[in-house]
Amino acid sequence: MAQDVLNALTLGSLYLLFALGMSLAWGTIGVLNFAHGSIFMFSAFGAHLAVQAVPLPMPAMIAIGVGIGAVLSLAVQVLAFEPIQRRAADAHTAQLQIIVAGIGIAGIPLAVAQYVTRSVPFGYSAGTFEVTVHDLGPVRVTDVQVVILVAALGIAGLIAWWLRAARAGLALRAIGVDAEVAAMMGVDRRRLALLTMAVAGGLAGLAGVLLTYHLGSIAPETGDAFLLKAFAAIILGGVGSIAGVVIGAMVLAGIETLVLVTTSGTWAPAIAFGVLFAMLLVRPRGLLGRMEVRRT
Amino acid sequence: MRGTRWLRAAGALLIAIGATACTAPGGQAGAPAGASGGGGGEGLPPTIKILSTRALTGPVSFAGINAQKGIDLAVERIAQDGLLGGSTLEIETKDVAASTQEAASAASQAIADPSYAAILGPEASAQAAAVSPIAQSAGMPVVYVQAGSEGVLVGDYTFRVTPPAQSYFALVGAHLAGKGVRTASVLFNSGNPTLVELGQKAVPALGEQHGFQVVGSAGVEVTAQDFTTAASQIAGQGPDVAFLMLTGPQSPVAITQLRQAGFTGEIVGMSAMGAGNLAPAGEQAAGAIWPTNFTATQAAPTSQEFVRAYQAKYGGEMPNNYAAEAYDAVWFIARGIARANSVDRAAVQQGLAAIAAEGFAGAQGDITFDGHDARVPGVLVRWDGAGEAVLEDGTP
Amino acid sequence: MTTWLSSHAVLVQSTLVSLLLALSIQVPLRAGVFSFAGVGSYAIGAYAAAIMTIRLQVAPVFAIGVGVVIAAVAGYLLALLVARLAGLYLGMATIAFALFLGVVAVNGGELTGGATGLYGAISTLTTGHVVAITGIVVLLLAVSERGAFGRRVDAVREDPQLAVSLGIDVGRVRRRVFVVSGALGACAGGMNSLLRTTVSPETIGFHLVVTALTMIIVGGALSWAGAAIGAVIFTWLPTVLQFVGDWQPVVYGVLVALAAVYMPTGLLGVAQSAWRRARRRGLPADEQDRPQADDPERALAALQEARP
């Protein structure tokens, strides 16, 4: 039972790391990046290629993953999302076109990874880091799990504080409320947007590398599965709220683990979809969200 | 001018269709090159064409690419052997990994082109089940590798050279009974028909026969990589053996997580654990055993012949079961055509049926057929941390 | 020609099925409803047709018809459920609905064949039937795109609040659009099941969403003709691109991304603007910049183009 709780917390932390970046970008600059899952997977893949060439320790691998994620995310923002926002008739159309472009772009890193790996999962066994398991009686904890939990909750807390207290954080939230007025107040929208996307990408990369260490290996297709769960977590918690993402991710992971433990597990994938659908029907704002829903 | 928008759109559509129609290859307007012998068929034409629909990209590409190596080797060896007289076996390969439509489309095109004598079908069961009715109703012989689910062998014209896992699974039952195993847990991939059947039916049946009880059974998603919950559960149940009916890529991950969760019992898998798929888990997976239809160190003389030829062609690389099956499939087709002494499809079907009734010795050992479905003795294999080794050979 | 047709029958069938699938998403999109319920309806239609044919051996018309009816009803109920949602949230709710059906299919036991799916759904459906059905559907849609109904739908898409103030029942338009989308998707799915004689959970996943979106975005989202262009291109592209081989998915992704960024109105939109520009060049200089007053549709389009 305690072991299951620990597993659920770990899973929730991974969802959280993945969804944090998405929620941040979505809630502030209105960019819902469908390529986030691909970036997450490709960062982990890039780290894999690096470690095949040179045996690296975990901190270096994390740095590589974060770096690749940030760069990819920035590239997508500059090459695709910014042009769309410039050319679109209104914010609504822009959002939809960004989603579609994201879906298209997501296929590219996926195809490259599938081609190189022949769809065989890749891991970091060539690196210097060895997973150690600590037997604490009722539960068994690996050091990777500890890193994941600390990183996820720590970073979530950091971002929540930054959004509330730092000038740049406030500026970002201002953009989320009303971009035009924020611009008139002297907020450099472009710079903050780039910063947000880079941070989102970096978080995705971090999540990717940590997930790979935790599971031992991941497949090129893993990114897409995470994407849908991230949606469910964000909608559940509410767009634009960091605390909401934390709650959403943990609740989702909790329900999934519960179903896995008590039934034969074949309905587990449907949970994310069911939660998503139910929340959208009942309370599209989410538990703690603040964004409005159109009336017509 | 209201109608112009309509007309413009229609015009654009027609141009698009016209353009693609002109560029799409394979328009067989000309007469066939006399390659189809008539009636009962006397003699073979200089070139015998076979269509091979393989998964060379995508999730099953590991099987397809290795199968391709087996196919290429077989074509060479058949030419050396002279089985088809002076005729050359020409195998045209199409990558149909993208979708079932691709596979069905490629098959239809080959059927409409009289110069094709047979088809080497796709690995994916879903694709195979779509190709079979087309081939059967059009009277085109099709031989499958992998494609293990139901609905693939639908009639006289469909054959399969990969034996279903259930047919040699008993090997592991006897082995476990010998070790005094009493309890078992099963973890199976709930999206793959073969694995579902193995997990939900074959293993419990094995248990009944060989005296162990299944105390827990859980299904995981098709592409799942996270087995931590299931692993904790199994470790908690503490059975003597854990059956992992998963795909190749999932196996090392599941084993690692299972060991990390504290499970110390036996681990049994199926053929997907072979072909080096456990390498990512390395030493941690040492001791895992599985029954399979082919391993490179199995004793049968024809297997060893295949292994030697494969190593000679591919620079010392050890072949896996996908290559072995495809090798046998090509030889099967060649023998069928040689027996029929014709490339007329009905005659080829008769030839194949005759060879199937007799059986033949191939890379997988002595192959017999139950109807149109292959059977081999099978072999029980063990992973020692770096490679696989024969534990028990099924050949009597 | 007939040899070409018989050897490419599967591709022709695929094109038509893809067209209907794309239409099931394009029709709502045209009314401003970002709904992917068409993909879920595809799943309903596909399994219904297969189950009816395998278990009850009914004629293809009934097998597909049952699926269409079920999906249309489901579409109506869904429309009621998601009445308050719009834009992205609606899109996600409908994707969740579609993917949820996929999991139901895997867990459907004997009825849906579970992970294996169903096979052996052999029927008397021919390519000719498919062409006829698709032709009728396209004709109906083309007619609905013009005239008063078409303009009402345009208004609902462009400015729902204005539409409400003009007396258009936006809710009813939305519900109708969901029903039509359901019927189209189920028709596509049913036809595909009977043509391929199999259906499995693999055939009804998220990739359908990607495929349909790709066709609409590249072809053009505002008209059935755009969906048609997209369907033709993407069904025949693998054949044309065979030299690209392993890199096909990359090429696809790049195409979709480029189209979404630089050609939001799709190829159809590009073709139409080019045509319009070419026609205007034929007019005297002072009339070239004025929007054409005799055609309200073109006036609207011209105004859209003029927006920054």
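Each chain gets a letter, A, B and C, in the order it is written, and its residues are counted from 1.
Just so we're on the same page, a contact is a pair of C-beta atoms (placed from the backbone, for glycine too) under 8 Å apart; a residue touches a chain by one contact, two chains touch by 3 or more.
All figures in this text were calculated on a predicted structure; none of them were measured in a lab.
Set side by side, B-C and A-B show the greater C-beta contact count at B-C. In terms of the distance between Cα centroids, subunit C is separated most widely from B.
Put simply, the C-alpha centre of subunit A and that of subunit C have 30 angstrom between them. Centres computed as Cα averages put subunit A at a distance of 37 Å from subunit B. Within subunit C, the positions touching two or more other chains are listed as 106, 246, 248-249.
Shared interface positions of subunit A, defined as residues touching 2 or more other chains, are 114-115, 266, 269. Listed for subunit B are residues 57, 190, each touching two or more other chains. By the touch criterion stated above, subunit A contacts subunit C in their complex at residues 32, 80, 83-84, 87-89, 92-93, 95-97, 99-101, 103-108, 110-112, 114-115, 224, 228, 231-232, 235, 266-267, 269-270, 272-274, 276-277, 280-281, 284, 293-296. Interface residues of subunit A facing subunit B in the complex, by the touch rule stated above, are 3-4, 7, 10-11, 114-115, 118-121, 123, 125, 131, 133, 135, 140, 142, 215-219, 221-222, 225, 257, 260-261, 264-266, 268-269. Residues 1, 3-4, 6-11, 14, 106, 114-117, 119-120, 122, 142, 146, 196-198, 200-203, 223-226, 228-229, 232-233, 236, 238-240, 242, 245-246, 248-249, 267-268, 271-272, 275, 295, 297 of subunit C touch subunit B in their complex. Interface residues of subunit B, counted against subunit A in their complex, comprise 57-62, 65, 190, 217-221, 223, 225-226, 228-230, 232-233, 236, 248-250, 252-253, 256-257, 260-262, 277, 280-282. Across the interface of their complex, subunit A is touched by residues 34, 81-82, 84-89, 91-93, 95-97, 99-100, 103-104, 106-107, 160-161, 164, 170, 206, 209-210, 213-214, 217, 246-250, 252-257, 259-262, 264, 304, 307 of subunit C.
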